[in-house]
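First chain A sits with chain B, and in the next complex the same chain sits with chain C.
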Partner chain A sequence: MAEIHGAFARKTSGVVRDVSLRDAFIFGISLAIPFAANFFLFPLYEFLLPGADWTTAVIIGFALSFAAYALYASFGSMMPRSGGDYVFQSRGVHPILSFLSVISLDVFLQAPVFLVILMLSSAELGFSPFLTMAGAATGNTWLISAGTWAGSPWGLFTIAVIFVLLALAANVAGLKWVGRSQRYILFPIIIISGVVITALLFSSTPSSFETNFNNYGLILNGTANTYGNLINAATSAGFTAPAFSWLHTIYLAIIIATSFLFWTVWTAPFFGEIKGANNFRNLFLTFVAGGAFQAFFLMIPELAGFQHGLGSSFLSAAAFQGITFTPTLSFYPSFGILTLMTTNNVIVMFLASVGFMVAGYFMAQLFLTNMSRYLLAGSIDGALPLSLSSPSRRFKTPLTALVLSSIVVLVWAAIVDFTPTQIAFWTDVAVWTGPVIFFGTSLSGILFQWTNPSIYKNSLIAKYKGLLLIASLIVFALVMFVFVGYVIIPELEVSLGYNGLGIIFGVALAGLLWYFGFKWYQKKRGIDIGLAYKEIPPE
Partner chain B sequence: MSLERSPVKIPAEQLLAESISIVEAAKEKDVILRIMGGLAIYAHSAESEECKKLQLSLGRLGENKPPFTDLDLIGYNKQWKQIRDILEKGCGLKPDRMVNALFGDRRLVYFHPKSRFPIDVFFETLEFSHILRFGDYPGHARLQLDYPTLTLADLVLEKLQIHQINRKDLIDLMVLFLGHDVAQGAQPNAVDAKYIAAVLADDWGFWYDATNNLSHLMNLGPSLVQGNKLSPEQWETIGRKVNALTSAIEAEQKTPDWKIRAALGTSKPWYREVDDL
Partner chain C sequence: MAKPVRILFVTDLHGSRRAFLKFLNALKLYKADVGIIGGDLTGKVVVPVVKSNGIATAEFNGQVHTIDSDAKRQEVWKAIEDCGYYPVDLSEEEVAKLGTDLEYSTSLFHDATAERLKEWSRIAKERLAGIGIDVYVTGGNDDYLELDEVLAASESLIFAEDKVQMIGGTHEMISSGYTNITPWKCPRDITEDELYSKIDSMAQKVQNRESAIFNLHCPPIDTMLDRCTKLDTSFDPPKPIAGVDAAGGSTAVKKAIETYQPALSLHGHIHESRGVDRIGRTVCLNPGSEYSEGILRSVLVTMGEKKVDSFQFLSG
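What follows is the complex of A and B.
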């Protein structure tokens, strides 16, 4: 028999939320996109950080990520409100910081550019390799052409438009449907693809791969002994097989942590819609589980299998080729295409590729959710137009915010997809602006107990003395390492040039102009948004 | 703009008058809105001096006590736009923008412009520990069976669906049973036990919590009598009606779904977790 709880236990009419912490775990791992992690790690970091051990780097990166998990679980338990980082930074530091880092740089630059690159990687790791390899395995030239088209600017843009429109429809229908699609479609597909890829890579040996690579090279490249040619070309271009390097392993660990394993916390923008997101322990464990799943089920087995099945020296040479574009291969030696070369079975190829294919769509779905929640929170605070937080009369969801987010993504898709020679440049822009949001939130975590003592002291986090401060300091230090590292560490140098810096500072400046302009406009209408930040309770 | 939820600070009579004026404003535009929750029970019992006295003696009402946490209303989804217009433009209520944007498909939250107490508007279904459905067809479903509140049977079900029921809810039920008969069918000013039994006969989890809550009520009564907060005669009346309802629930033929779920019992969660907004 249920126990009778104290009188007036229920303070208000509550709500049963559709999204659970289990869904948050799935959201987290899908946003962290292990497939994209592999895409980014190989061949770029194989080339930039020769001698780094991926398995060790993932384990160290996972350990470092605990600080981010504790930071976001702390904020979640103190302010379980949709708007996530925007709310944390505006209440912990200053509204200008949150507007600059979350609305300007994230919603209008980093998130859409990164999403476009993720959708592009979905096409280049999923659609394009599968169609190309299926065509090569079956001798169907139409499929090979379709594979080439899927990797072309029009192919990439078409896939992006389809993904964004589907993701918009799912979000307009409501988070319940977004959650269900993640739970019943994405997660099983990730599991299937992860298992198939790992099995494929571990069943391969460097010698069997050499045979397969030469066979496929004959079809795709039109040359015999492609394997030997690649090694010889790389060697004559200055490539030498690298020795193990601790320094490069640690660099790689920090990049893996801040770029991928941290991201399991990116359900923060819709904490207000997650059941039990105000429970520190459960939220922290959800993030840890997401990070562990990604590290130990997806990244380590796949990356270790990649080294086992293809051979480290071949991979280093292929990375050298991929990055330096030494003209030996007519195809880009991506993780996806090299993995599929370990088999001749088209069904197995499909199962290995389908995870990459759907991952791009699910990224679109989740990025639109996040971007719209940031816009909604900004609108509720009065820093953005009211329409962005008004529910649609027909769909009863924040339609205007979702449509604006979709338009921003599609504009960037057109810019990025139709400038194929500039993709590395756009990736650098996204990589540079990516940690800005962690910078702002970790700064807020450092200052929060002094800037907002009433919320801090009344929260359960205050019980764990120093936890928020220590976790924030670690995240802050890692982010600063990445920023400084991009500039001063030659191996990590992400050269933005004046164009890249101009774009970042231009978007930031536009954000500042909007903030002060809109503040002035609101004041003319009798609304002091500065006061609104102080008056509005965090939840 | 998001505002803090503060309890109702105006007297119960004034709150009821405000609520009825909102329901009246909707009615003028052919829109169906009904009062639910504790205020609806208060409305049904307002004319009974005995019920009023009981509410005072049990501490449910009284000076310096917030009588209600909020005002709960319910309408039909098909009239969502009209309800929103009536509340925002007609009645001048202030929307909770965050809640309305994120949960607007099932709930709209407003604040009274002067007293700042919250007004929750539900649509067709109450989704808390268990689900209560009121139909989706304006004019032909359950909401228009009574006015200006939900029917007594629906008010009883609204309380019985609570998994973690509290003293305030049990007192509301006592007041309701003291002032109204339990009938085996739809009758004016009576609790339709047959309808309640039929709803519970199709949902084992709901049935389990509802029957537990009725047991809690039966356990609470004697202690209130002992503390002189409830007279033995009043308790006899309440107990008799609760027993009549319990008998009707027991007698009702259970559906196959109920029986299948009953076999699993409490080994699997039988209720939904309700969070604060």
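What follows is the complex of A and C.
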């Protein structure tokens, strides 16, 4: 074996990319949506997909997610540019697709609505349960009231405003600081919370949990034997612990893949700021590591602990109550509050909840980064005003794009938080439009070798023959399954109604009008934005 | 009324073969009348390819590549060149000299950069033949002075350094790859006074300042074109200080623009500071650079008779 000799660099200048692949990994796992959404939705899936085995579903979902990891690593290696999906779709298919799916539906609808729901779930899984349970454990009624307020419209909106303003400040300070804050604050806290939650759940038993649940039920709900009432209500309605179902496990695996594990690739919007983003292997491994962290640290141990510490019968009954609200409880049986009910120690409660609290904030930070980078990419192409890609003189970051993104999120926060009876509707809108990004990018991946043959042939991924096409086809098939499944599979049904469809098509139409109007305006100024979408042959 | 001139400006290619080839292709794709490469053609790294016991290896971007076939050699060579690095076949003894013998390593770099530029010149000659697009090239502060001879000898690239040239038949352009003193003490680093004197002597020869173009590698100070990370010069080489910004531009360049007020000034040097600014009536542009990723950043400028009609940043 020959001795290895490193490259010899002369002393010279040049610093461009600020974010390391390690930071990209943390960005990816900061989208550890299970912390703030999956567990929040726990009763929904337990009720809608009875018999699904969560551990098996997570493992299958993780395996399916390799297709998305390969797809995005391939695009990163070919086009490591700011704007991610917007760039991939506009170059691989057509700018109208990218404008519709990324700028219109994602930046102005899906991302902000979903972020609002994530911040809301952070409040309802972190702040509200902690304050409520801390109050219950210490007999402090002020804390119980604060916990109730944190879950009220004004409480939710206040938390959203604080999160968005802090996230805006961090983003304005620069991506380097965003990365550092995630590395030194979010990552350790998530690990602490994950370990504490798992330890709490595995140290609990169904019988000790029954005692705790009844005690807290008496304090919070004012009723004795809350545990028994819950079980009886579900049993008398015919909803009992179901037998294992492969079909529901597969459905759940696809949902876990497309809704949660896929999203570790959502560093794509700032590929242009990641060192080594053009290295397929490293990028792919970064995504796999992020997915593995989610699956094997944030999902499986906690879910297994949940089964172990609370018991299947209770979980089924809790799921029934979470959907039907029968019997009436003064608290929502979310993952957060049920976990905290396994202890009486306020410090332990805080350590278990703090992950949810910070996850909501860091998602605000990441969503603002990504929304602003999509706007920046559209602006660089000339499809949006130049000011959206011009860095601030003082901060060197795309201030206008960040401020616009923050305003969009706060407008949606006001709409969603102050219509508490419509939260399921807004969740459906976000769930429906979520996979649109993957639809567009996987379609681009399918067509790319024919629409951009010279770029594809000259890229390093061309040597992995068929990889891009196969990965894209798998992602495309999974996304189409989700879209169709939401309509025709009763268990997965997401009912948008005319209002939901009207909002989605209205936002899409507004985007189309903007695209053609601004294109015409730019043409008058002598700027042909069509040039921006032409990839330059590299040979 | 003169026909508008479309100028495609790129800068800081730093040896990236991929970025250079994209530039040549972009000239046709964007229907440019004139191309300008604003300096810093030199790459930064030599990658030794060392053969030992019949097996050649190259360490590049954190990965060790074993070269066991002609196809593999071609693939690794291309990947290294696309990033702007220089693959060089060396013996074990020659590699050992790289870290200890400054004269040897400097000579190796000079030879590699000159050879790369000669190759680019040959490719440009083939690609630009018969299409009537003039391509102007200057040095940059990273470029050894010896490279001027290579550029001056080119049959396809027009060497613009230190000259006043008429481009597109209507606009006089002055060009300089020199910059103010940088922490790296590069080959074309000079004092602000010397830099102003250099620019001033060219600018005074310009007949029509209103329609003129300044092609100056270094951007004007305290603009949107010169934002960079502050460097700690107590280290060798200097290290960036995270989160602390600095203005890397030149007071001399700013003063020259303020004094002569050309229609357009084109700059590079600060890769991360792609942007536009205005100094009086002058539109100042820096397209930035992402050469190491193989991305070509450019700005397409349409020049009217006496002013910039429009500009468009592009990357691909």
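Everything that follows uses one rule, which is that the second predicted complex is superposed on the first by the 512 of 539 C-alpha atoms of A that agree within 3 Å, B and C clash if a C-alpha of one lies under 4 Å from a C-alpha of the other, contacts with A are read in each partner's own complex, and residues count from 1 in each chain.
To be clear about the criterion, a residue touches a chain if its C-beta (ideal position, glycine included) is under 8 Å from a C-beta of that chain, and two chains touch if they have at least 3 such contacts.
The shown structure was predicted, so the numbers you read here are calculated from the model rather than taken from an experiment.
Of the two partner chains, neither chain B nor chain C is touched by A:437.
With both structures placed on the common chain, the touch criterion links A:150 to neither chain B nor chain C.
Of the two partner chains placed by superposition, A:363 touches none, neither chain B nor chain C.
Of the two partner chains, chain C is the only one touched by A:525; chain B is not. With both structures placed on the common chain, the touch criterion links A:396 to chain B and to chain C. In the superposition on chain A, A:413 makes contact with neither chain B nor chain C.
Of the two partner chains placed around the shared chain by superposition, chain B is the only one that A:376 touches, whereas chain C remains out of contact. Between chain B and chain C, it is C that contacts the larger number of residues in chain A.
Of the two partner chains, chain C is the only one touched by A:177; chain B is not.
Once both structures are placed on chain A, chain A residues 1-16, 81, 174, 272, 276, 278, 380, 382, 389-391, 393, 396, 532, 536-537 are touched by chain B and, in the other complex, by chain C.
Contact residues of chain C toward chain A in the complex are 4, 12, 14, 18, 21-22, 25-26, 29-30, 44-48, 50-53, 55-57, 59-64, 75, 79, 82, 85, 90, 92, 95, 98-99, 105, 109, 141-142, 182-184, 186, 224, 227-229, 236-237, 240, 242-243, 245, 271-273, 275-276, 289-290, 292-296, 300, 302, 309-310, 312-316. Within the complex formed with chain B, the chain A residues making contact are 1-17, 81-82, 174-175, 272-273, 275-276, 278, 376-377, 379-380, 382, 389-391, 393, 395-398, 401, 532, 536-537. Per the touch definition, chain B reaches chain A in the complex via residues 1-5, 37, 69-70, 72, 80-81, 84, 97-98, 100-105, 107, 118, 120, 127-128, 162-168, 170, 209, 212-213, 215-216, 220, 272-277.
On the chain A side of its complex with chain C, the touching residues are 1-16, 80-81, 173-174, 176-177, 180, 272, 276-279, 281-282, 380, 382, 386, 389-391, 393, 396, 458, 460, 463, 525-529, 531-532, 534-539.
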